[in-house]
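Here it is, the structure, as structure tokens.
A, B, C and D are the chain letters, set down in written order, and residue numbers restart from 1 in every chain.
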Amino acid sequence: MKRLTRDQLAARVARDIPDGAYVNLGIGLPTLIGNHLPVDREIFLHSENGMLGMGPAPTPGQEDPDLINAGKRPVTLLPGGSFFHHADSFAMMRGGHLDICVLGAFQVSVRGDLANWHTGAPDAIPAVGGAMDLAIGARQVLVMMEHLTRQGQSKIVERCSYPVTALECVDRIYTDLAVIDVVPEGLQVREVIEGLSLEDLRRITGVPLLAP
Amino acid sequence: MVDKTVASPEAAVAGIVDGSTVMIGGFGAAGQPGRLIDALIAQGARDLTVINNNAGNGETGLAALLKARRVRKIICSYPRQADSWVFDQLYREGGIELEVSPQGNLAERIRAAGAGIGAFFTPTGFGTLLSEGKETRVISGRPQVLEYALPADYALIKAHRADRLGNLVYRKTARNFGPIMATAASCTIAEVEELVEVGALDAEAIVTPGIFVHRVLPVRGRAV
Amino acid sequence: MKRLTRDQLAARVARDIPDGAYVNLGIGLPTLIGNHLPVDREIFLHSENGMLGMGPAPTPGQEDPDLINAGKRPVTLLPGGSFFHHADSFAMMRGGHLDICVLGAFQVSVRGDLANWHTGAPDAIPAVGGAMDLAIGARQVLVMMEHLTRQGQSKIVERCSYPVTALECVDRIYTDLAVIDVVPEGLQVREVIEGLSLEDLRRITGVPLLAP
Amino acid sequence: MVDKTVASPEAAVAGIVDGSTVMIGGFGAAGQPGRLIDALIAQGARDLTVINNNAGNGETGLAALLKARRVRKIICSYPRQADSWVFDQLYREGGIELEVSPQGNLAERIRAAGAGIGAFFTPTGFGTLLSEGKETRVISGRPQVLEYALPADYALIKAHRADRLGNLVYRKTARNFGPIMATAASCTIAEVEELVEVGALDAEAIVTPGIFVHRVLPVRGRAV
């Protein structure tokens, strides 16, 4: 068994984003997806600070401090893109207009609850940004994360122990080991990486998984 | 390649089924999507709920749709006008249901539907006939009325220029309800005066980003 | 005693609109005020269909069907004016940004309740437009109306018999006979036209009026 | 003649008293009104409640205002960042009060204050720590949280171009919170890169109409 690298995982998610989709890629791991979008598809990236049609990072020396993404990194705007203010941008997210958002996660529960903003540590400074708006607002909420914590514990859990971002919001989970849908019956495995059996995945994950 | 333009008015209004809720842009004639309304009349959908600021003027546009008896209910702020005789007669003979909303509540309810806001408290209408039976509450010392989001199945709007991605700009006061209705419908159909190339519209001045627009019917430009 | 003509009344209201004011002139009688604004003041007219900086009617032949006012008449836009959509326009009205709105009225009560949208006739088709938004939203709500109905009854009343537009919203009443402020103590006469005594005004009006 | 321009940063922030609630525009450095913040620090008002998306970066701008201990409370969505050490330290030593609002709720609450909406129901935050103790209700099948309008005494924002009437346009993603904060404060003060003649800004592309702006501090242009 060979876990997907971060770039392989990003490419796997990218493959499922259809032509014409309006997509928000969350800060962190999901940002990598931007490098793997199929070139034969026209996909529109939304950045919650107020931009639709976001392009790649500028060539060095061409950075514009007024043109940044939600992670505050310099980006570009593609032809046909547009700028808008924060309330309009979040109306776009909250009003159900984005086809897809991809978010990182600390934990996802069997019901699709998402925990991705707060470790719950008593001394942590809470900071949420737009995570809760994306989680409730996009038509499809995809999670992209490593299957296990560094300590080897499953991030797919019966019930989130970390503070949740939103309840029953996740549609699909992409990890370095599998692709799993959240369906009314529970968690439905769609793909397992080569060399890993469903039984092994079940054992590692520790929550009930429906066979593909 | 994404291309939201449609080749004909018939294609623009295809699929609108009986019983649909349809927003129609415009304030009087300014911004009224005349071609789309004519196509909707020809298409034949009936038992519609229509959302518009008014209830038709003269015998064309929305008034013609009413006259064809396709509208079961209209939600608007100002039905009664000097030239609203089609509506007036239908209303007096019981041929149409009317919901009057203060104009700002109407606009805000449409915006709320597009912005994922379920309901909001507003001072407008408090203590009047138009808030009878509605929930009220005092917030920051002002009595306010709870108004609910007003979504639609379709929005028929008119814009000035568009590109194939559905980005829109409007012209002068014809902008009116177009940008908010575009956000509030499951399917937004824009009649536009001119189709331009992608990149021709200023990114700082696009009023309706293409994400809100599903079909574009150009009167002039590439696709005609 | 000589009642003010409509134009004299409009000029009287116009005199009180200060330089730099943002103003909405309601449909009907208040529209006349636009013809009497002092030329040495820069006053910004708002039209609720989506325009700030509205100018006068165009010269004949220059009408643009896309450039109309709230009464659906052709107008012009002054330099420095702007266009916006209906929710933004009403946010401007409802959010307390207009310094002044001037509204016509059927009745105003001693507490400043306004009735200007509905006669209450059982066969009337209700139609409100933006009247309720202006009445609750502008910083100062001025009423401009004839003092008496055609039947000679006072339009300033103890309690509105017509359906109200908004409660306790009117700040000042301009009529063809007097200028009257709505103050916490009641109705405070500010001016009476030449040739009419306060006692006559009180008799005609039929509700308590505080002396100037 | 109306002229909202002011001659100096000091004049721009004159009158801001201790205890004021001050919105500060910007998302990180983009759109942050650096000159106005520096002027506010020099002006000396303290015990402020600040509304911003973040809680300062590095040692300049909002971070410098925090470091000068002028801020009693900050309302924001994302205080913790790699370079938010000024805030982090203040927070950990109990030197500042923090209210975290989901970013979309923060933006919508600001808009609501400017639009005369007392409160609104939104699904964002339902079932989370950030809605603890808040009123909730199911609307159209979705559980929603009641969030209240967030007004301010002052808004300090940055725009790209302005005219003497206070009309503003912004530049790219520096637009962010400027247009909504401008509507939500009793006094809006805009630092602008360039002052232009009245009529030079396209009426179709003005983002903030002058009605929302009270003072304009140009960095370049006529009044400098």
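In the analysis below, a contact is a pair of C-beta atoms (placed from the backbone, for glycine too) under 8 Å apart; a residue touches a chain by one contact, two chains touch by 3 or more.
Everything numeric here is computed off the predicted structure, so don't read it as measured data.
Shared contact partners of chain A and chain B comprise D.
Judged by contacting C-beta pairs, the busier of the interfaces C-D and B-C is B-C.
Each chain's centre was taken as the mean of its CA atoms, and the one lying most distant from chain A is C. Computed centre separation for the pair chain C/chain D is 34 angstrom, with centres defined by C-alpha atoms.
With centres taken as mean Cα positions, chain C sits 54 Å from chain A. Between chain A and chain D the centroid-to-centroid distance comes to 29 Å (mean Cα coordinates, whole Å). Residue positions of chain C with contacts to 2 or more other chains are 77, 83-84, 87, 90-91, 93-94, 136-137.
Across the assembly, chain D contributes 108, 111, 115-117, 122-124, 170-172, 203-204, 207 as residues in contact with two or more other chains. An unclassified topology is adopted by the chain contact network, corresponding to no line, ring, star or complete arrangement. Every pair of chains that touch is listed here: A-B, A-D, B-C, B-D, C-D. For chain A in complex with chain D, the touching residues are 47-51, 64-69, 72, 77, 83-87, 89-91, 93-94, 118, 123-133, 136-137, 163-167.
Contact residues on chain A toward chain B in their complex (touch as defined above): 19-20, 22, 42, 44, 46, 52-53, 77, 79-84, 87, 90-98, 136-137.
Contacts from chain D toward chain C in the complex involve residues 1-2, 111, 113-117, 163, 165, 167, 183, 198-199, 201, 203-204, 206, 209-212.
Of all the residues in chain D, the ones that touch chain B in their complex are 108, 112, 115-124, 139-140, 142, 144, 148-149, 169-172, 202-205, 207. Of all residues in chain B, only 27-31, 53, 77-81, 88, 91-92, 98, 100, 102-105, 107-108, 110-111, 122-130, 170-180, 207 touch chain C in the complex they form.
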